[in-house]
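My questions all concern the structure below.
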Amino acid sequence: MTLDAAWAERWMRRSAADMHAAREELTELDRRIGDGDHGVNMDRGFAAVASRLDDEAVPPRETVAQVLRLVATTLMSTVGGASGPLYGTAFLHAARVTNRADLDGAGVVALVEAAAEGITSRGRAVPGDKTMVDAWAPAVEAAERAADGGDAVEVLRAAAAAAADGAAATVPMIATKGRASYLGPRSAGTEDPGARSTAMLLAAAVAAAGAD
Amino acid sequence: MTLDAAWAERWMRRSAADMHAAREELTELDRRIGDGDHGVNMDRGFAAVASRLDDEAVPPRETVAQVLRLVATTLMSTVGGASGPLYGTAFLHAARVTNRADLDGAGVVALVEAAAEGITSRGRAVPGDKTMVDAWAPAVEAAERAADGGDAVEVLRAAAAAAADGAAATVPMIATKGRASYLGPRSAGTEDPGARSTAMLLAAAVAAAGAD
Amino acid sequence: MSFDHEDVEKGCVAMKKLLDDPAEAVVDALRGFALAHAGEIEVRRDPTYVLRAGGPAAGRVALVSGGGSGHEPLHVGFVGAGMLDAAVPGEMFTSPTPDQVAAAVQAVDGGAGVLAVVKNYTGDVLNFETGLELAQDSGVQVASVLVDDDVAVEDSQFTAGRRGVAGTLAVEKIAGAAAARGDSLGAVAQIAQRVVSRVRTMGVALTACTVPHVGRPSFDLPEDEVEIGIGIHGEPGRHRQAVGSAREITAALVEPVLEDLAPSGGERVLLLVNGMGGTPQSELYVVYGRARELLEARGLEVARSLVGSYVTSLEMQGVSVSVLVLDDELAELWDAPVRTPALTW
Amino acid sequence: MSFDHEDVEKGCVAMKKLLDDPAEAVVDALRGFALAHAGEIEVRRDPTYVLRAGGPAAGRVALVSGGGSGHEPLHVGFVGAGMLDAAVPGEMFTSPTPDQVAAAVQAVDGGAGVLAVVKNYTGDVLNFETGLELAQDSGVQVASVLVDDDVAVEDSQFTAGRRGVAGTLAVEKIAGAAAARGDSLGAVAQIAQRVVSRVRTMGVALTACTVPHVGRPSFDLPEDEVEIGIGIHGEPGRHRQAVGSAREITAALVEPVLEDLAPSGGERVLLLVNGMGGTPQSELYVVYGRARELLEARGLEVARSLVGSYVTSLEMQGVSVSVLVLDDELAELWDAPVRTPALTW
């Protein structure tokens, strides 16, 4: 099975619904170790993505790449905060490497790798800093492992599962990047909100593929 | 028995102690129907009176009138609020009519009358407005009645009792003067703080005479 | 009067204020104020008042105001060129005393007389009355104007009358400009009176405030209610209502103001949206926008605007809306230069 | 994104704010701001930014800043002659987006280039970085300076680095004056950098604040504790301590500032005491007085002062103390005329 532009659209609508539903949860995480706006930021950004997808007049989205580019520019211009340019760059870089119609397993690996690379190129965080990188980095590794024989959905599933574990693993970490870093040792004990939203995003990608 | 300058000093020191002790009580009354500073104002004013009395360098206080004049100017310059000029004028006018050494019954009547007149001349309130006048007006009447045969202490006692009743009678009244008047009907149900402090003041005068 | 240590401790904890001895809050703040604005203003003690640096301006009418502290920048922040010559601060929320008033008036008199701007509270009225008598006895020509712009007090027959609130700023600014251009005492008083007769205000409190030496909130307001028609000392207003939108609350302020002003339409007005001390600036501008819509819907032209926390009640959250019906002269005097710690243009 | 009625209701009740739709708080406030200051500033939408009325000044370097909203008057209130040419407001406490930054920079460029003043937060840094790249692509010469005056962040090796807080005001005022006198882009950037290297700040929160669309306080602070070293978004500081006297709290702010500045004594400084939004002015002056005593005890001369609520966190109660070590040129640029909605002299 391969993943097409329709999947990418479903992925984004599902993400919008998930971010809206998780608005309070993400905000509460960010309230504890940041400034309490991550849920609001993500909800605002993905609601804008969904509404642009609803808008017939919006540029073509016949390929996964076109959808992802639309997502990138929308997030970039509506999210703000640290997560806006990070997710924006992630989708922009992902769009660059998915320039064919459908994604197979290798295509998904390329997408996840490019997204993760986009985030580290902008944010210069490394695993262990307690940021969304702690979800993206294991996702990349898991995707790469799963690609060895796995189809697109299997790769996605592996990436999402690793991202969820990675996010959970941020709980005991002491943040050294982003707003949570100001807390020093007090940042331990709370999951990183951006890592959590990353895990949600990849889970939505799986769900969107499953609902195919 | 007559009342002399030493009595007047005792009256004021007692008042200072009483106002300090009643600070919270008066403030709470004023908080409910005014701006919550009457206890603080009275405490500040009478504390200043007591400390001026402690000061050897302060002008002579060999007569009741001299003591009352010192009280008047001290209250006037330290209390502020509505009650400052009211009590200040009361003591100033009282000083004017007590210009002999000791007070007999008639002298106490004159003192109370002059004080009450000072207050109404400044504040232009009438009985029923829910102000300190509702304590002073019955005090004057009671003093006048008691003077018919009564000595200074008896007159004072009658005045103080009437002031206390008068203050209590302000509870159901609707204020039409001072800050409590803004409350309209909502001012009913609370004793007027100024009427209460007036009752305390006259009670202190009695106590100061009793401790003679 | 001194507070024992326990009082202070308890007070601080309950209140969370940046103060040392709560009983000395006014004096401590004035000391900082004097240092921060040295060269512009001077703070005198015993009795306490604030005056413009540089001494009295010979031959020019001087303007003095004052009242309880806790409403800063009113009045001390308005001492300076084009506005007040002196301000007389009382204790927190408590009128100043006559000796302060008299000393301030005498200090600023330049021979042309002194106008006192008095907010209509029994305490202010009585203390200024006595203080001005004292000053007059010492040979100063005095006049006074009573500001009573608060339309929240409906039945002024059966109350101490309307209170002076944020409209006081307009009176002080415009009368200050009239004094600066050399008007006589009578003329300055008349201009001030004209402002008083044309300015109306209504305020709302979202939260109460706490007077330092009292240590507990000046009134109790349920979590989900606001007090419409609040006074600047936390005096109660017309009614309490559920917290509503800015649109609703602004309407509840603007309507009574317009009802009272009864404009015929076409008037040019000054719109002053004033924060009570603890209100974020963004909320003031939201209210300003709504108020302006309402005024324009009634055919008024908002020709001048001022938005900020100028006449406050310590840390109270809330806002007041003032409308002054301008004429050409009032607009010109409003526009005239002013240079004070809190208002400069 | 729209809030359903229940959200709004709940939010309002819990928060007691003068707002309509909490999600539209920034836009509603900007609408009021534009109307109140028409003729001085303009608010552009899609994307949103605020700029000086009158168009770009040809041949003069322009100054742009921005960041999350809720810190007003920073930055929008500092747009005007002698300070910012444009300000880019984000959502409440959320950095603005790159398209806003790019549009503002392009709008104010008068051909001599644009300096962006960026507070050091990951979000601001990333969004400005991208926005400035976009503006540069469109042919504007850009430079940027990062403000990181908050000494509360001790170990900047293991954090996102020091935050930009109230010292930003000094950077914007002084760089604005340098731009106004005609300095080149490189020279203005250097002056701004000099201010950054010489200004340090430390703040304290007495209460938390509530972001409108979040609807509950940004952090929890026990009734009897304060947060020393608070950031302007309610980021935690160095430690919590029992509420103390103004003297104690001020010392807890001034000491780390001086430790970091390590003055040798005899320096002339600017002392900025900044309210967080909900602090009564009287308390700011009390703190100012205490801070000044401490600086003078260390042999510093407080040559310039500013006291007020300029870099705020909505209705947060608290204060920050900033010290800028002046030299003759910085003092002169600080004194240079400025005419903005929030700062005028």
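For this structure, a couple of remarks:
Letters A, B, C and D name the chains as they come in the text, with residue numbers starting at 1 for each one.
As a convention for this text, a residue touches a chain if its C-beta (ideal position, glycine included) is under 8 Å from a C-beta of that chain, and two chains touch if they have at least 3 such contacts.
Just so you know, these numbers come straight off a predicted model, no measurement behind them.
If subunit C is disregarded, contact among the remaining chains splits them into the following groups: A, D | B. The chains that touch subunit C as well as subunit D do not exist here; no chain meets both. One inter-chain figure worth recording: subunit A and subunit B are separated by 75 Å, centre to centre, where each centre is the mean of the chain's CA atoms. Centre-to-centre, using mean CA coordinates, subunit A is 31 Å away from subunit D. A straight line joining the Cα centres of subunit A and subunit C is 54 Å long.
Taken residue by residue, subunit B touches two or more other chains at no position, since every residue touches fewer. In subunit C, no position touches at least two other chains. A linear topology is adopted by the chain contact network, the touching chains following one after another without closure. Pairs of chains that satisfy the touch definition comprise A-D, B-C, C-D. Contact residues on subunit B toward subunit C in their complex (touch as defined above): 27, 31, 34-37, 40-41, 43-44, 47-48, 76-86, 88-89, 122-123, 175-179, 181-184, 186.
Considering their complex, residues 8, 12-14, 16-20, 25-26, 28-33, 35-37, 69-70, 72-73, 77, 206-207, 223-224, 226, 242-247, 249-250, 277-290, 292, 302, 305-307, 309, 312, 314-315, 317, 319, 344-345 of subunit D touch subunit C. Here subunit D touches subunit A in the complex through residues 1, 23, 47, 68, 90-100, 121-123, 126-127, 129-130, 152-153, 155, 158-160, 163, 211, 213-214, 216, 218-219, 231, 233-237, going by the rule given at the top.
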